[in-house]
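Each chain gets a letter, A, B, C and D, in the order it is written, and its residues are counted from 1.
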């Protein structure tokens, strides 16, 4: 479904991504791991079009999407959620998701219909599936951090993605909130058949959900494979276990 | 903001009652008050049109007055230089303003925030300089006076009704736009352009369309000004006026739909009546503005709405 | 009428020099604005008012000291300090509480100051035109290639590089300059290292405003000191800062050069359309480089 | 925070509300009310304050003398040099204060706007400072009067004096707005008519409130004209003369500038102003050296502790004309007042001044002088004054008819 080949990104001489490769099939859940500064977020920004790569290609569903503007990539069914909370602060929870749904339905330049009556069912369904229905009419800026992260995912669902890219979905969450997010991701994958690409520091979570793992170090992808294979890979152990700041089961 | 139809009805009834009051009001007002109300309608429409871009689009539209003045000049030039029926002028003014905002917008929207605003000021100043200098066509800094407004709307009272009707119609259209899918998404762009792009919104295009909408209604306000005052002059496109409109939006509350109208009314009234007692009206405005930013950053109407909501539902209370 | 009068090389050089001396003033005022923009992220519209106050203070000080040469030098030293003092009070009293607000709010807040300062100047100094003299040694002009070049403009040409050098020293060699530079890039980081950011900001703000006052005091002998001096300069300096790159002092220098020189050369070549030249220059620059010529800290 | 916000809200509400409900101050029975809209903020106020102060002085005297059966009172509004604010204020004065006469303003655009308003409202409008020739020319009508010289008069007067000098090659430089262009055109058109051999080398136009004139002066010098016509006014005169002094422009090329010799321009420059500059003005407090002028100056000085500038003459004229017109008409009816004003002559510090009946333009004498140091004052004064009578400087009636399309 997604093939990334020898991707590089050069920031004024600093190679944030230096030959990253990745491939994933429909229905898979793939985790990207790697130490801080390995270039995970940059890689995601390149895939989703927020940044233009210096070289390399990105193919989605067989189509070359390298260098296409982000909004166009989204319309092809490749969506993302963010590491830091990135929602529409002044809109209600309902409206947050509705924006994405309306955008997907190509109503963006519809000036004269009443938005309140549009996409209500689908939006409500999404809110229900992520468990935010009770708060539908709260201003999203006033939500708790955990709820905002969930909303973050819900917005992405509004685009009815085929591939969802999640940048550290549980960053800054309490253990309980992490648990909720984990089960939500499982649900998305199992029930909705969503393909998920995510990066994460919490190794418990990675190994609990990922079908495959890709490891990055200094902008390079070292390996992509089944969790068990990655676990015993020598290179990974050197890259990762060399340090002492890992909690890795 | 609940989506239940009940509140819609309530709102509609309130709005109708409000309009009805304004329709009978001239019978009880002095000539000057009628004029002042018409001026408030005009300025209010201008401020609301700015808020479409500023409050709903989050764009730093620092030189909105250009579109206002451009509309006013288009109307004036049509009325004085062509033999076409007066109504043509009122149709052409918003179109001309829309065209100008398209032009300026095409150059500006790729810039962000402060750059956008400052670039707009320099482009707008160029338009101002052209109108200020082009004596043979625009009469330069003297302006055009004694513009022959169609007889039907020439008198004070009829100008009032014309301004009122135009204002109400424009407000309805603008409200519709705010509540439309476009408006919803435009607000998303305001809150978070990056995220909007990530859900498939063409942010630049939205901002451009937003600018054109704001510019068009500013053009309408410009032709209303011609009806109410019978004069046009380059001050209408000067950047200080743009900042004044910004203040109106801020004062009334730029995250509310009617706030700017409210703010415009307060500014016009204060300016007129404080001006009677003192030459130092500017210092009063400055101090009001400072207090506002310190204590009521949501604006007067914004504050009232927030409080009203928080009383009904403590969840809405914001830090 | 001939649009292109025969321009001698001498006239051209002359005009270049005159343009450079104008650049000096623009640079001094714009660099202050840029400094405040870069470090504090405040688009300080009141910068022009401080420039005006600088000129008025210079007039008052010079007249109080008898109006002669001594008066001028005293005014040149004291007037910018006076402006700095005013700005310190304003910063400590009001601005320091607003740093976290949106840019738009800050901009409008400083605009409120423009309104207040404008009327205060009218209250304090009245409506008469004011004027002060340059010191005797700087009156009159030199002959440069057959054209008169005012001595005072030469003085400005000397002051400009001195101020630029001072700013370079301040930002690169002093502790406060280094902290300010770091704070411009990452405010939290600097605070996290245990530096009192609030006072760094105050100092930078005061230095920025000092430069506005200095600009005002420097132009006082060549201009009519009146209300409304603030309007023209603020738009010009904002444009300069924008084309140079927000918050970049050397960008301000480059922007001032472009602005001052296109103005001066435009006057010589197309005197009838001189009025639009700088604006066209600005628009051209921004079309080519929408983020300004040099790196912006924003 | 909360109570404070509420306090501000309440204060705002009270302010607005009280502003609306308080009507005009209870008007004294049957007084003639004059409404003045003028710019009392920013650089122009240095001129307009004199108009108002002299007007007040003259009105007080008229009221004390009891020469009219009704008292004259006046109210002022600050236009801030903004047409929209001024026009709104004019409407307020007419509709709410019910003024009988309007007066003002230094801003030409506003003067034309108010003139148009007064035409509709049928209220006499006495223009006291705007120099636009359109006011009594192209856009003149029954209800507007100009008590000040205008660009046409000043231009004609300057051309007359330039024609007498041996200059043929000219350069024109000026403020890039209506006033600058109007005065330059008026001068040039008249000059080329009376001296056809003159030649225009080029023009420079600078923005209003140009901060530095040195580049323009250099450009002018580069063209080597015999003389320069400087069409600049208001606050720009001072920096221009400063730049002229610094570059020695006044020594190298003779130049003429309307209002260069005026007190408002020369006083700030002190003893350091440039000598030898040609300038025209309607009034000097030291000229004409007549008893009327001396009395006027000493009264003004006693009241305000400063010598009167040109604006004071206009203010005085306005009050004097109002008094005499009502007295002659023997009625307080507007139309009678206007009939009386047409062709009326009054005595003034500059001698007799008549309002031309056709275009309602006051025929003011113009004084052309050269700046020179003086022993008596600590600023330059005009010397070698030539008087150009009002009749000579007035544009021909035919020209006005043509402009009005009659």
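Here is the rule we go by: contacts are C-beta pairs under 8 Å (C-beta built on N, C-alpha and C of every residue); 3 or more make two chains touch, one makes a residue touch a chain.
Note that the structure is a prediction, hence the values are computed from the model and not measured.
Judged by touch alone, the chains other than chain C, held in their current positions, stay linked as one piece.
Between chain A and chain B, the least number of touching-chain steps is 1.
Summarising the inter-chain layout, the chain whose CA centre lies farthest from the centre of chain B is A. By count of C-beta pairs in contact, C-D exceeds the other of the chain pairs C-D and B-C.
In whole angstrom, the spacing between the mean C-alpha positions of chain B and chain C is 33.
Distance from the chain B centre to the chain D centre is 36 Å, each centre being the mean of its Cα atoms.
Our note on geometry: chain A versus chain D, Cα centroid distance of 71 Å, whole angstroms.
Counting partner chains per residue, chain C shows two or more touched chains at residues 118-119, 122, 231, 275. The set of chain A residues touching two or more other chains is empty. For chain D, residues touching at least two other chains, in rising order: 40-41, 176.
Chains that are in contact with each other form these pairs: A-B, B-C, B-D, C-D. Remark: chain C residues 1-2, 5, 7-8, 11, 14-15, 18-19, 21-22, 25, 67, 118-119, 122, 127-131, 133-134, 139-141, 147-153, 219, 221-229, 231-233, 263-264, 267-268, 271-272, 274-275 touch chain D in the complex.
Taken in their complex, chain D has these residues touching chain C: 40-43, 45-46, 49, 173, 176, 200-207, 209, 211-212, 214-216, 218-219, 221-223, 235-239, 242-243, 245-249, 252, 264-265, 267-270, 272. For chain A in complex with chain B, the residues that touch the partner chain are 48, 50, 69-72, 74-75, 79-80, 82, 86-92, 94-96, 98-100, 102-104, 107-116, 118, 120, 137-139, 141-142, 155-156, 158-159.
Residues of chain B that touch chain A in their complex: 1-3, 176-177, 179-185, 187-188, 190-192, 194-203, 205-206, 209, 213, 255, 315-318.
If you check the complex, the residues on chain D that touch chain B are 1, 4-5, 8-9, 12, 15-16, 19-20, 22, 40-41, 77-78, 80, 82-85, 87-89, 91-92, 95-96, 108-109, 112-113, 115-117, 119, 132, 134, 139, 176-178, 181.
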